[in-house]
Amino acid sequence: MKNTFGCELTVTIFGESHGPCIGAVLDGLEPGIRVDDELIKRQLAHRRPSGVISTPRVERDEYSIVSGVFEGMTTGTPLTIIIPNTNTKSGDYERGLPRPGHADYTGYVKYKGFEDYRGGGHFSGRITAALVAAGAIVIGALGERGVRIGTHIKRCGGVDDRDFGELDRDIEALAESVFAVLDADAGECMKAAITDAARDGDSVGGVLETAVTGVPAGVGEPWFDSLEGMIAHAMFSVPAVKGIEFGRGFDICGLRGSEANDPLSYSGGAVITETNNNGGINGGISNGMPIIFRTAVKPTPSIFKPQRTVDLLTGEPTSLELKGRHDPAIVHRARVVADSVTALVIYDMMRVAGAIK
Amino acid sequence: MKNTFGCELTVTIFGESHGPCIGAVLDGLEPGIRVDDELIKRQLAHRRPSGVISTPRVERDEYSIVSGVFEGMTTGTPLTIIIPNTNTKSGDYERGLPRPGHADYTGYVKYKGFEDYRGGGHFSGRITAALVAAGAIVIGALGERGVRIGTHIKRCGGVDDRDFGELDRDIEALAESVFAVLDADAGECMKAAITDAARDGDSVGGVLETAVTGVPAGVGEPWFDSLEGMIAHAMFSVPAVKGIEFGRGFDICGLRGSEANDPLSYSGGAVITETNNNGGINGGISNGMPIIFRTAVKPTPSIFKPQRTVDLLTGEPTSLELKGRHDPAIVHRARVVADSVTALVIYDMMRVAGAIK
Amino acid sequence: MKNTFGCELTVTIFGESHGPCIGAVLDGLEPGIRVDDELIKRQLAHRRPSGVISTPRVERDEYSIVSGVFEGMTTGTPLTIIIPNTNTKSGDYERGLPRPGHADYTGYVKYKGFEDYRGGGHFSGRITAALVAAGAIVIGALGERGVRIGTHIKRCGGVDDRDFGELDRDIEALAESVFAVLDADAGECMKAAITDAARDGDSVGGVLETAVTGVPAGVGEPWFDSLEGMIAHAMFSVPAVKGIEFGRGFDICGLRGSEANDPLSYSGGAVITETNNNGGINGGISNGMPIIFRTAVKPTPSIFKPQRTVDLLTGEPTSLELKGRHDPAIVHRARVVADSVTALVIYDMMRVAGAIK
Amino acid sequence: MKNTFGCELTVTIFGESHGPCIGAVLDGLEPGIRVDDELIKRQLAHRRPSGVISTPRVERDEYSIVSGVFEGMTTGTPLTIIIPNTNTKSGDYERGLPRPGHADYTGYVKYKGFEDYRGGGHFSGRITAALVAAGAIVIGALGERGVRIGTHIKRCGGVDDRDFGELDRDIEALAESVFAVLDADAGECMKAAITDAARDGDSVGGVLETAVTGVPAGVGEPWFDSLEGMIAHAMFSVPAVKGIEFGRGFDICGLRGSEANDPLSYSGGAVITETNNNGGINGGISNGMPIIFRTAVKPTPSIFKPQRTVDLLTGEPTSLELKGRHDPAIVHRARVVADSVTALVIYDMMRVAGAIK
């Protein structure tokens, strides 16, 4: 489906970094969700660059909802959000000189040279603003049902944040946090590392950790549309993501079964697991425990250091020195994208499971 | 789509561990692929348990292809493979006593108690035999086009295999290897670790590493149907998989952009990257370099040690001591499943890209 | 999706006329549907040829359900039905001599000569036996919810059956009827017309009319997945169908809006329409009135008269005189296929609408 | 998929009659299609109302293409077209008073009263403007490949147009024709009938006939994604369509097989059929002959005569007298919608078949 994803709730995204606008169509929302503009604005603000740790290209993200909302509430028909691009400097980009680590070369091959190469075109992280706006509507609807989502920067520039603790409190704190860490000191160290890299004309990556609470047991499918499969599929759409792991993830491979298995017991009449090494999912289906996963975000490929590349027009090797405005890290901006993508998948799978009518 | 996956090539799987048979329907194959029974048998043999490092339940996997093949070649219409279950001992399983780490509890909630609970039913790893048989047909077709796939056990029981070296040679060696490691000594240590765990009534997990060579540049989609997203989606369908990472994966987060970016250059007229930290994929699309990813396989949840669980029929906590026949590790059997699932996705995406007509 | 259809309930079909078996996979059934073998057998019997008005090839249709049923009830995981082919005479068919009106030529082009040409291969009406068996399971489940489906032969060989009257009574009568007409005399005339055609080595077509009662208002989607669109899509899969019309259908074009519009009123607290020119559907969505549509079934293309055709192997025009066993009409056999396909779509759309959980 | 349709080329539509805009996203276009604004404008003009035979609500349809086009050519990434609504009079509509023959009642049930009821909201024929604009891009691309599409009003107000004759000439003439008939005199009679109905505060329907030339043999799928099934599915999305028939359609049921079968022969080396009773499609797959089908368009349900309806807010029967601006017929405006929808399906299926790379 290329740019459309989901089963009962589908999201379709469109736009280019330097085109007139970007946007998303959400199809399959329940009717009667109240659209919370404050929430959409807050989420877009969390994604917006600010300060030396981000690109100087700042978009105001003055979105419009042009369909699917009537008298402030969703109608149940396709909801379309459009966000204009206003702050573009297309002169910074040259045709035929692919930036290493970017999609410039692969896009050139796939689209036979017709792609909009300016600022990464349709591959640009700019398009995630549409995912964030779309996600905010769904996050609101999930919140009404007691489902909460939060992502923190687990690692960045060699610095670790503390682990999740009391989840609902942590998620609440993250919602208001501009630089999403649980330990403020760790956050300062991470920012220093990003600033260092920026000073060197370089960039850093990081690991995001996402938690979802309140998803009832029974959501997901045994084989291809496992919760893990659907979340992973969607998360790998976020530019720069190179890995994902659920629960204990790769570390679970070092355990024995007797350590990895989560014993089952009752708590207040409900079935729980005493540990959560499986991250809330067994056999692709939610077990009622918090869903936990981590996502690897590579260092931003746009750096100011000279790099070896090829000139696709002349067929000669060459060197590239980027101009323009670039992020020395995106992990702090990507965390709200992770929340949004997660929300879209969880809402969709809850609809499929009948947990949202 | 639940039990169907893919765009131009779809695979639909069905069956239960203790039902009469399992199977798969492949729709969207080219007409004229010669069906190579030796290859199917070899792949099924690689998945089949053997010795103390596997379950004593050995199925002969006498598959039948009941549609879509005529005079030894695919017709282009749906190809259906059926594999009978012959060696079942259903008395080993009890209703309402979910095994920790398994899908018993989540399946019970989702299917309201109507699920076939015997041996994990539809959640059983047994169903992967159908994926392996289906994958073998596609592996053959890809091989004709110069696309080769191989998976080795990168880590198991605390032991590491050596890294991939000369890829096509390594892949060729793995194709014949029963216990798929590149370093035979490492393999012996892994087997010893599995045997140890088995003796303790326990189990171990591991990490698989898969390489694909020969995929042309331009395969995959920029957003939701990225190669990473499609491969991850499919790989999380394999029971016990809890993580996936491409190229340098989670480790790339510790690099700076100048280290992580793969410089582009020409080699023999073709664009290549000098390093392959991105695992052959940029912006969701193949760049012509080998596709490399690793998959985390958790320790088999079926162990013989007593475990705490709940009795869903009485609503009381209880203890569970498994009877029956179980694998102390599945990582060595799962590697051929990884190959198969990968082949199905790569073939599908190559068809979408027009690289297979 | 080629051979898979549906949203929440998907049906995948496979098999060839002269292969070992045909079958279907149903994915997305509720758990807990009791499988009614008597109903499946009755429906298959309604499709089975008998007497001079049908082909002499009679298959016993000894189906097996090989997955998705446990202790007599659906599990909710994929249900697979397999029906062996036992009575095949492949020698009756020649490669490269397309039968006019059949898919022989188009199949040859599409599948590049690799298609199984015997008896129409995968294009054969034989595959509808799998749809009938699959449909029977869904018809049973819909019946439990008060949804009833019936199809009669509205026209055949120049003879008209009477219109539907008291629907639930008519549907009940049709369920037991071997030659599905509401007026027995009309049925005898139709059979005589078929017999006449058979005697001439020729064939006749007909029009089927289907009614569905008990579908609640609100099922269907406004645009692409309209009830009409979904039913039409599925019905055109039935071989020989060349037209479909809902409610008054093509005749509604001759009315004025004041005649065609169905006035709304209340009856027993429920909204009804006083007439049903729209066949129970407005804007693609059920309005709670009976769903009514008619399907055009062309005369069976397999006839015994000599016909002009081409020899694809020599590139020369030639004449073809069919051997083998053929139906002088299929409309009386197709009616149960219409019921089945309708049931699959209605069940699917009711699941999407949340009317079946 | 609700508001998204297609396999390799998908179209997603959004918007409401009285919202800020309507639009469509096309995903899966080839890169490098030159966007022909004159063609888009001409097609939109063909759909635009004019004179007494149409509604007085005239929209200027000043569309913007906001993504997927770069330097005048498609990029291959999603192409989004937005068309503002400017001429809305929302005061003409009342909540809770469903218009007979419209989707007001079914939309109310499905969307639980949250639907935008003004002017039919998302159900409005207004949304077809987006399909027409999207279709124009595809019509251009198909034209480059020698595929031509034309639709005429076969019947309206009791008057018949002549049959298609020399197809490519007829299609060319229709492209320029405002009131799309092949016989100008018949057209005048139709217009008189529409004017009569308008004078009576009433409306008329009609039958459209569409021809497609230049589609190569081998496009379409044997079962669910037959060309007939895909075209029918899409055409039933067009508001007011109640029937569709291919080739001889319902009339073929009155023929014998020997009359209905199209003999095959060679012409200039190519396989042709001597007649075209099957409308260019056998077994769901194009045979290289012109594709011909007819669509039944019911009389516009919006009429000025008083009608019986229900008051959904009070639960009482009531009478409704429409205010506002309405079409006494839409068949003359719908013909370009038929062309557009057909083009979208043909392009999609040609991509799936590999006939467009």
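Labels A, B, C and D are assigned to the chains in the order they are written; within every chain, residues are numbered from 1.
Criterion: a contact is a pair of C-beta atoms (placed from the backbone, for glycine too) under 8 Å apart; a residue touches a chain by one contact, two chains touch by 3 or more.
Just so you know, these numbers come straight off a predicted model, no measurement behind them.
The chains that touch chain B as well as chain D are A, C. Note on interfaces A-C and A-B: more C-beta pairs are in contact across A-B. Using the mean of the Cα atoms as each chain's centre, the chain most removed from chain C is A.
Centre-to-centre spacing of chain B and chain C amounts to 38 Å, using the average Cα coordinate of each chain. Taking each chain's centre as the mean of its C-alpha atoms, chain A lies 46 Å from chain C. A separation of 26 Å divides the Cα centre of chain A from that of chain B. Residue numbers of chain A whose C-beta contacts span two or more other chains: 1-4, 13, 77, 110, 122, 222.
Partner chain C is touched in their complex by these residues of chain D: 1-5, 7, 13, 98, 100-103, 105-107, 109-110, 122-123, 127, 155-156, 158, 197, 200, 202-207, 217-218, 220-226, 228-230, 232-237, 239, 241-250, 252-266, 269, 271, 273-274, 278-279, 281-287, 294, 296-303, 305, 307-310, 312, 315-317, 353.
Taken together, the chain A residues at the contact with chain C in this complex read 8, 77, 222, 352, 354, 357.
Interface residues of chain D facing chain A in the complex, by the touch rule stated above, are 1-4, 10, 12-16, 19-23, 25, 27-28, 31-32, 64, 66-68, 70, 73-80, 82, 110-116, 121-122.
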